[in-house]
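Next come two complexes, and both contain chain A; in the first it sits with chain B, in the second with chain C.
Take a look at the complex of A and B:
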């Protein structure tokens, strides 16, 4: 089962590497990893999507907690949360397919962000499942290039505060 | 908080920090990027720098020192090759949770990443084998980084911390401030255990019919031996120890079952198989202990005390986890025990196993055997010595036959199994402990992996007793080849190529002896014990083809133990 883990991390040299290293070193699955600034100075948020049985995921959480530079580690899978991902998808079109592609883009509430006489690029945002669905539908048209951000997520409602040992 | 407005350079700051941390010894080796530190060191007298002969030696020495003393071991090496030479020692300390702070020189910050002369990304290389690391990029971060390094290395579950020191940072000027208080917001080890969990555990133990304490190195690190002893005696509980736990409980006690696991005592492993309540204290269910995990103490209710939450439920699922310092938890546990369990029957069972299959070895052919040497050593030193063993068969025989009375007396490379550990680690231990004899016990293979440090022992006139158990083989590997690889002794025979060990030792200035006769053993042990003006060396030439038993084959259940050689005719 997939788990979305949210980590607050010191914005410090090597901190990111320690997290990434853990996944390769311990052989944990890593589906996506994102990192960016937060509202707190010098604190970054990482969102990691991993998978494994309960025992493995428990180890992932414990090992992450053990790192000196992690301030808070939460398995969001246990909580109400909002997950988002953004994809840029570029597709070659033929005469007849352009309208169809624009329709599909609309259905997924995407935006056309670039177009020339050969290809069209669309931006689609939403829960990862929605991106997957869009990719599925677009696949037969021949996707030229695609970039996905990976999942970012936040717990809904109450706020996570900076105290890793009170989880 | 102490401060001075005066500007001093990074090297001076470095030593001011070490002074505040009460560092007595640095194990080090100079080079281009640490010259400024060595320049300052020239005038320093509040600590002693021990010049090693190889940086791996420095790390093992620091670990030997740390494990014998309970303090942090400190290493100082140059960049590039100096730093990479420390990797094995750091990995060893990481696996055995020993507190080290390793300072590595680094090229100037503006050259980092340029493939500069003697540049190595040592922070990157050691990331998976350090508890934490710092690359100090600004001199104003130097003192705080060192402060944190010492704190992280020795708090919680101890481990090695690396501090990388670029040359320009060491040269740069800064005012010195050292904060006594330390706050690392992402790092707050839990010390006191959850009282409800402790109470639950106490109840389960007091009602157990066949309880067993399984104790590891955590007892020694947290200084819990006294509490453990009281707890076991008050409740009449059997105690079995891991390799790293030896010494945590007196080996001569009636309650001690000795070591468990792959080469553990038959009765200890039987007790694991049959216990109804297993109490793991500062032990981590390592595969050399558990064998096949699915069958390890299969029917037992399991209580696990450890300071590292990630150790809990990692290999074996437990019923009552208690995170915290095992010393504090044992002391709480003693207070809340509702009564002691009624386990006379269980003790009878254990005694039957002890009679059924005692730890024996063949002595009748008059040839010298390792078991005999260790047994004599144990008797003649009354379990009071510090034994620093290397890795291999002799290590297991030390663990089986030496009855350790005290914690911090058995120092060996457990988690990593690093051959070449003993010689330097015994040197580190000798700086920490002056009032008890220190023996380094190596095989003929491992002895050759760091023997350059004999000169360090001799130069500092350390009264270490170096023993080589020479069986002319990489004995432990040979044993596996005999048992599991069709007796193909592929590249394990050192007999034809070994040097003359006595001459080697003499070349390093040691008094040296050799024997292959059992009747010489006592005299040679006395000779070693009587000589304290410097190191002394004895080679015991033992039977080549002996094997360590009992043995649980790798990955097998503990119950599938091989108790002795099945087919004696098949010996080489």
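Take a look at the complex of A and C:
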């Protein structure tokens, strides 16, 4: 099963290493990793998408919780969540294909962020499955280069049910 | 100086560890790390934004080049490039502040991706400096949670100068 693990981590020397080392030698398939700043100074959020045996994932979560650098560890797979990813995709074009590429970009609500005489660069964002779909459609045109951020995710806010007579 | 380093990496067991270990103990300030899929099967692109002594960065680049897992290492700081980042930001709101938050989201060309009775979640993309600006504007409202992907970057295509008489 695929797991999306969110870790709040102190931006301390070697913290990143210590987390990476936990995942090594465990037979994990790492799909993506992102580490970015948070709303708190010197605290980073690491989001790891991995697939592996559920028991092993649980074991790693426990070990992560025990690291001095981790402030919070959540397996978001258990929660309603919003997942997003960003991709920069550079595609070769010839005369006649540019309009088609522009249309595909529009369909995926992407943005053209660079163009020259030979290639066009798009920025596409969305859930990882949407990025996969865009890559599949663009592949036949000749993808020159691609950089995907990997997934970030946040728990969705709890929906509070308001009684009808309160409205 | 800030460096944006792009590494093409085989998605091999422990590759991620070996790269992480190179950066440890070197006194680097890691600003962000992303690892995502590329256009090539089993090849990942790692983008590291770091600041540190230029000489040490050069030394690490050489060591990265020597790792069996790395296929290509580029310091994009030397090139014209497009940098992008995505942030999911969840903000508390009270009666009366929702319209203001919606306006801020529009100004940053963001998208509202979740809302409940207490909080609103936005997706904002752009160069890292734009995300910083959005965070600064949203901070006074009370950021509940935030997940930033960290920076991805691609070299801009070379601009080929066409002679005037060729057009």
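Rule of thumb we're sticking to: the second predicted complex is superposed on the first by the 154 of 167 C-alpha atoms of A that agree within 3 Å, B and C clash if a C-alpha of one lies under 4 Å from a C-alpha of the other, contacts with A are read in each partner's own complex, and residues count from 1 in each chain.
Basically, a residue touches a chain if its C-beta (ideal position, glycine included) is under 8 Å from a C-beta of that chain, and two chains touch if they have at least 3 such contacts.
The structure presented is a predicted model; accordingly, all values stated were derived computationally and were not measured.
Colleague: Touching A:21, do we find chain B (first), chain C (second), both, or neither?
Modeller: both
Colleague: Report the partner of chain A that touches more of its residues: chain B or chain C.
Modeller: C
Colleague: Who does A:58 touch here: chain B (first), chain C (second), both, or neither?
Modeller: A:58 sits against chain B, while chain C stays out of touch.
Colleague: So in the superposed three-chain picture, is A:97 touching just chain B, just chain C, both, or none of them (first/second/both/neither)?
Modeller: Neither partner.
Colleague: So in the superposed three-chain picture, is A:70 touching just chain B, just chain C, both, or none of them (first/second/both/neither)?
Modeller: Touch status of A:70: first partner only.
Colleague: Of all the chain A residues, which ones make contact with chain B and with chain C?
Modeller: Of chain A, residues 13-14, 17, 21, 25, 162 contact chain B in one complex and chain C in the other.
Colleague: Enumerate the contact residues on chain C facing chain A in the complex.
Modeller: Touching chain A: residues 6, 11, 13-14, 16-17, 20-21, 23-25, 30-39, 45, 47, 82, 84-88, 90, 113-119, 121, 123, 125, 135, 139, 143, 145-150, 152-160, 162 of chain C.
Colleague: Inside the complex, what are the residues of chain A that reach chain B?
Modeller: Contacts found on chain A: 10, 13-14, 17-18, 21, 25, 55, 58-59, 62-63, 65-71, 162, 164-165.
Colleague: Once bound in the complex, which stretches of chain B touch chain A?
Modeller: The contact residues of chain B facing chain A are 123-124, 127-128, 131-133, 135, 137, 152, 184-188, 190, 308-310, 312-314, 317.
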